[in-house]
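Naming follows writing order (A, B, C, D and E), and every chain is counted from residue 1.
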Amino acid sequence: MDILTQQLFNGLTIGSVYSLVALGLTLVYGILHIPNFAHGALYMLGAYITLTLMLLWGVHYWIAMAVSVLVVGLLGVIMDRLVFHPLRNAPPIHDKIAAIGILLFLEAFAQLIWGADYRTMETPYGQVIDLFGMTATMQRVLINIGAIVVMILLFLFLKKTYIGSTIIAMAQNREGAHLVGINTNKVAMLTFMISGGLAAIAASLSAPINLVFPGMGHLVILKAFVIIILGGMGSVPGAILGGYILGFTESLGATYLSNDYKDIIAFLMLVVILSIKPKGLFSREGF
Amino acid sequence: MGSLLKKRGWIIGFILAAILFPFVSQNEYFLHILTLAFIWMIAVYGLNLLAGYTGYLSLAHAGFFAIGAYTLGLLTVKAGLNYWIALVLACFLTSAIGAVVGLVALRTREHFFAIYTLCVGYIIYLVIDKWDSLTGGVRGLIGIPAPTSVGPISFQTPLSQYYLILFFLLFTVLVMYRIIHSLTGRTFIAIRNSEDLAQTIGISTMKNKLLVFVISTFFAGLAGALYASFIRFIGPDIGYITIIFDLLTYLLVGGIGTLAGPIVGTFLIVTVSQSLQFLQDYRMLIFGPLLTLLIIFYPRGIVGAYHDWRMKSLAKKKQQLNRKQTYVHTQSTETEKKIKEG
Amino acid sequence: IDNPSNEAASESGNESETGTEAPEVEEGEEVVNIGYSGPLSGPAAYYGERTLNGLTMAVEEINDNGGFEVDGQTYKFNVVALDDKYLPNETAANAKRLLQENQTPIIFSPHSGGIKAMQVFNEKENFLIGAYTSEPDATEAGNELTVRIPPSYDGYLEPFTKYAMENHGEKLAALPTASQYGKDWTEALVPYWKEQGGEVVYNSSIDFSKDTDFFTLVTNALKEEPDVLFIGGPSEPTAKVAKQARELGFEGGFIVMDQAKLDEMKSVTGSYEDLEGSVGVTPLINSDYPGTAEFVEKYKEEHGQNPGSEAGYHYVAMYTFMEAMKAAGSVDDPEAIRAHMQEGLDALPEDKQVYTIEEIGENGGFTTNLRIAAVEDGGVVTINVE
Amino acid sequence: MLELSRVSVDYGGFTAVEQVDITVEEGELVVLLGSNGAGKSTIFNAISGLQKTSSGTILFEETPIQGAAPDKIVQSGIVQCAEDRKLFPQMTVRENLIMGAYIHRRKRKQVNRSLEEVLELFPILHEKRENAAGSLSGGQQQMLAIGRALMSKPKLMLLDEPSIGLAPLIVEQMFEVIQKINQDGTTVLLAEQNAFAALKIANRGYVFESGSIVVQGSSEELLANDTVRRAYIGA
Amino acid sequence: MLIETKKLTKTFGGLVAVNEVDFTIEKGKINAIIGPNGAGKSTFFNLLSGSYSPTSGRIFYKGKDITKLPPNKIARLGVARTFQTTNLFEQSTVLDNVIVGHRLRTESNLLDAVLRTKRFKREEEKCRDKAMEVLDFVGLTHVRDQLAVSITQEEKKRVAFALALATDPEIVFLDEPTAGINPGETEGLADLMEKMVEQQITVCLIEHKMKMIMALADKIMVLNYGEKIAEGTAEEIMNNQAVIEAYLGGDASA
């Protein structure tokens, strides 16, 4: 087993998960300027909903995931309507605190419904396969393929469709969007919907290789913030690239530098990059 | 700004209440909670000067709080230094590290600054967590002494610690008050409003921002050092992100960029979260939405809401006065209009 | 066992009991408040709940049986539980509150930070700490009013090492949790392993609260092809590590740090197959102390799941404190209660001995008989320790 | 076509527009004159739905539109070209224009045709079509804003001070463009400080002062009115 | 000669916004810069005030090279400016807005503020007096206690003037000071500029309002596509064919 290729694959897998989470975050952060700390909670709920459907009604993994995407997307919409919409004229720090309030609530809520314990998600893709000398489970291959497909679809959506460009337009001038006849409320809801859906996909894909528990969102949210800043706020390619950079840094850093300090490496990297390029790697905002 | 000045009476009221409280109630638990709240308030004031008056939201302040706490802890426990010397050194070391961080961090702006400092804070936390040989790692640092006596005054009892920390809080408020109500304070506000404009009226923005950053880390360090000698045990979790979120919550609920905000917000949230204790596991179920609602309905915090309310009632009075005058005015324009049209 | 703040604990879907209802007090009876401060919200909530469950079960039993008598006076217990979110300063505040408002002679806390924060003032303010931590400092610092409940882990080193070396080989890779407990364990195990002629080919740790995926670390640990993998932490992520090691082709055995329980790990891996060749502590449900079976039964009935050791230990400890109160002839003199703990242990009825605790050490630590177990041929077998 | 009756708008406690009546007939070019803070933009925002009215009715083609969402109003055929332009700064000029045709997004061909027309109308935009809107100078941005408004093929166009900050040559062109737009069949409601130039191309005008209309009449009447001349034309 | 630029150039990516401009500003005069939109006028101001650093070329102030100085140092030398969009501290009163303008002429630091030293008190007083003085100068004494949000556009422009004047400048750069102001009010602002010159303050402004410029300016420079196409007195400019073609259009007298 070649350790380097194996670790590259591992890095790719983690990077895929990071990228998916970061994408949802970057949409909401970059477009609606809401630093949604509750995004981690959406991620957590995505995993729980898929899991519950599979356990309770024996729904197939993919169908469960699809339902989860819808439900979490809707939850994102509700969050927007109830909390962020009323706050749209407040400075971003307010969104931050409100999001923390939501996060606390959703975690307590998950604990109430599902208990505080760890759960495991079994998928039909547990088999171990040998991939060019690397060991992987089908699930891991799936994470990588799934992530890439989702990213391509999202990119096409934003770049090639009118509805997609309304999202971008609104990011740049909300009132301007009004003036050309865009219903900005709908766009905001759409953005939250997509963001929640992406979180659910990320969680449903990655839960089988980890565990499901109320605090699972913490694992990724902080890193997702690092990624979107690294990649330039609101930049879709930036979030993807940032996710993979972080994934590889972690897997290779843990292997060749230090396992204990690998998190510091990732954060230091961001600090260094921002010190040199104060506006992130993709300094031009937008797409 | 004018309305800020009027808050003097408010502050004197607070001071009196705080000084008299132990005479009214001997409840040690209340005393403990209040003392702890005072410590948070000091840290929140540091954050307020930076975020509220220059507009730079630092998420690294839990880290600086921890640096202050650990410096005091290590200097007293491991180096056996006198408490007061350690306290001074803790504050200055925190500010020194703050200066270095600020020098680089302040080149970024807005969201980038927030996330940059979030990362710095996290790195500080990780270093404390991983640097076993110095900080004791996850195990933490025990046996931190209480403040040593100054002449005849000893700080062993909870009551004396209460007054000591209250003293530091009042010192903080005084310093803040004087900074805010000075040219220096105006300079900071100018930076918050527009850095470009501030520069063209001759203000060196970098120098001033750095100054604010250093002062604010100084107070974070002071709060941390006091925390260490009050709880007398510290672990890496005091540098964790949750602490900065708590501090921010206190600040926002109270009212960012106001002088009384830190006191009001901290006091309110600490008491609310203590009184929700009976809910145990589910207190976040209530506290979370409560926090969110507060932010939605009082976006400028409690103090800000009070100001707005005052302004409004003042404006109403003014309008009532004006209306009488404008009535006369409109009448005359109306006749004029007729003339013009006619 | 100390479960550090950054690690969530495991399982269960039912709502938790937090604190007993105030007991029904009849004429002439008095109530003794028992304090508890632990994580009841946030990532470690489940761990907190389980410790509290053990406590409340004991207290409810005692109250249902009409309370207990000290010096001719009948008393009932009332547990007052407060959430501290795993933060030491909150524990300190809670303790102050419990003392002020409930005059609790004993306060339980299941994490070392909180315990240390209370130790600053517990002697002066005169209350006993029911310390659920295996951190040696908790008792070694010489606090006179601390009772350390769980056993220390030194006893496991020898039997674990022996079993693993005999059955699997001499190359060890260590990859336990990054908590202090995991580090302490590693610091004890690694030298011992080498002393016994073994080789340590990898030594690192996993931070379950920060690592999204363990594959990277497991890959690194298996790089040198070890015979034995030392793992540990909360049961579920530990099981995940074991499973991923198998996926990556590891065929050796596991030494499972005592924080993880084999039975709980099985619910993650699905069967014992992946855990074949593991050595660890005997799960409470597979233990055969005199009172275990009854306790397990009762716990299942109340909470719909198997109890873990933290519940069991709290249960025993509560009974022991009660017996010590009787022996001391006082319910509110912590010093006297502490002084009579040994008598309390001796007086503990057989059917309450979920664990048999032989004695309380000089410094206040309980000493328990160790039982270890291994997974062989798809099942748990108990291994005798000399 | 457009009829405002007794419309008032409040900002908090302050009444910016009070009991205003305005009518615009189809095909007309009507100008709102008034000094700064008179309430012209406020009226425009109220018509566009960006600002809530506190009382009064706004009828567009006989249907009340006060309180309707801004996007609905655009769909019904009113488009505003705002004072501060409200462009999408990081989008290119072309993308901005295309967004302008958002309500016609399903008619690709028509959108492309409008795009060509607009680029023809403003050659400078053609030149800069791949540049980000934010990098244009003030005047160029103003043209882009008008161009973007034209892209939605409005029945009624609200132009809020289109000449602000423009060079004289461009101002002249701008008014020519407006006149042309009007002649091509778009009804125009124009807010201006440059009263002289505006009245030269307008049919009728209203003069605002502190939130209410003080004078109204045909362009000739207003041009002839001494008070108007003194206050707004400076001649 | 107060300010002199030598081959001043600024490029944004491929675009040359200001192209090798040589310009001189004479003391005590009203200098105007005109030109079509996007000609580079604002950019030129940003270069002079240090907000942008030039791609090439030099800037001299009283013979001293200030090309590389940051804006705050340039301000200290006596160069003040306003922005094209009025940029005030909206939540403060007019007076508070202006007080800080004199900050650069004070020495007192944080310690003075905390200890309330004599110097602090003296300088605090000095800034306040200065603010009152300039507010009086621009004619805004009556609104000095109102919040900046609540005053009219024209008053805002005056506050911006006052803020610039509070820095004790020798020269002020005004970027379209009368944009969005009606003719009546424009005259008032023009008078104010003349009053400034009387006070020995050199004025340099960008404007599109030709009538005002022609009446006011002693010297006019015309920029087009970043290049200087003409320079001279109002009369010279009015009759310059290149300027008429590029900028004024046929109806120049309107």
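Simple rule for what comes next: a contact is a pair of C-beta atoms (placed from the backbone, for glycine too) under 8 Å apart; a residue touches a chain by one contact, two chains touch by 3 or more.
Note that this is a predicted model, so its numbers are computed, not measured.
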Steps needed, at fewest, to go from chain A to chain E via touching chains: 2
Label of the chain whose CA centroid is most distant from the centroid of chain E: C
Chain pair, A-B or D-E, that carries the greater number of C-beta contacts: A-B
Chain whose average C-alpha position is farthest from chain D's own: C
Whole-Å separation of chain centres (CA-atom averages), chain A against chain D: 42
Whole-Å gap separating chain B and chain D, where each centre is the average of the chain's CA atoms: 47
Separation of mean Cα positions, chain C and chain A [Å, integer]: 36
Rounded Å distance between chain C and chain E, as computed from the means of their C-alpha atoms: 73
Per-residue overlap in chain A, given as positions that touch at least 2 other chains: 107-108, 111-112, 260, 263
Contacts with 2+ other chains: residues of chain D: none
In chain C, residues with contacts to at least two other chains: 41-42, 45, 49, 178
Touching residues on chain B, where the partner in the complex is chain E: 1-2, 175, 178-179, 182-187, 189-190, 193-194, 196-197, 199-205, 211, 215
Of chain B, residues touching chain A in the complex: 51, 57, 104, 107-112, 114-116, 118-120, 122-123, 126-127, 130, 241, 245, 248-249, 252, 256, 281-285, 287-292, 295-296, 299
Chain E partner contacts - residues on chain D that touch it in the complex: 35-37, 124, 135-140, 142, 161, 164-173, 193, 195-197, 230-234
Complex interface listing, chain A residues touching chain C: 1, 3, 6-7, 10-11, 13-14, 17-18, 107-108, 111-112, 114-120, 122, 128, 135, 137, 140, 206, 209-211, 213-215, 218-220, 223, 250-251, 254-255, 259-260, 263
Contacting residues of chain A [partner chain D, same complex]: 162, 165-166, 168-169, 172-173, 175-185, 284-286
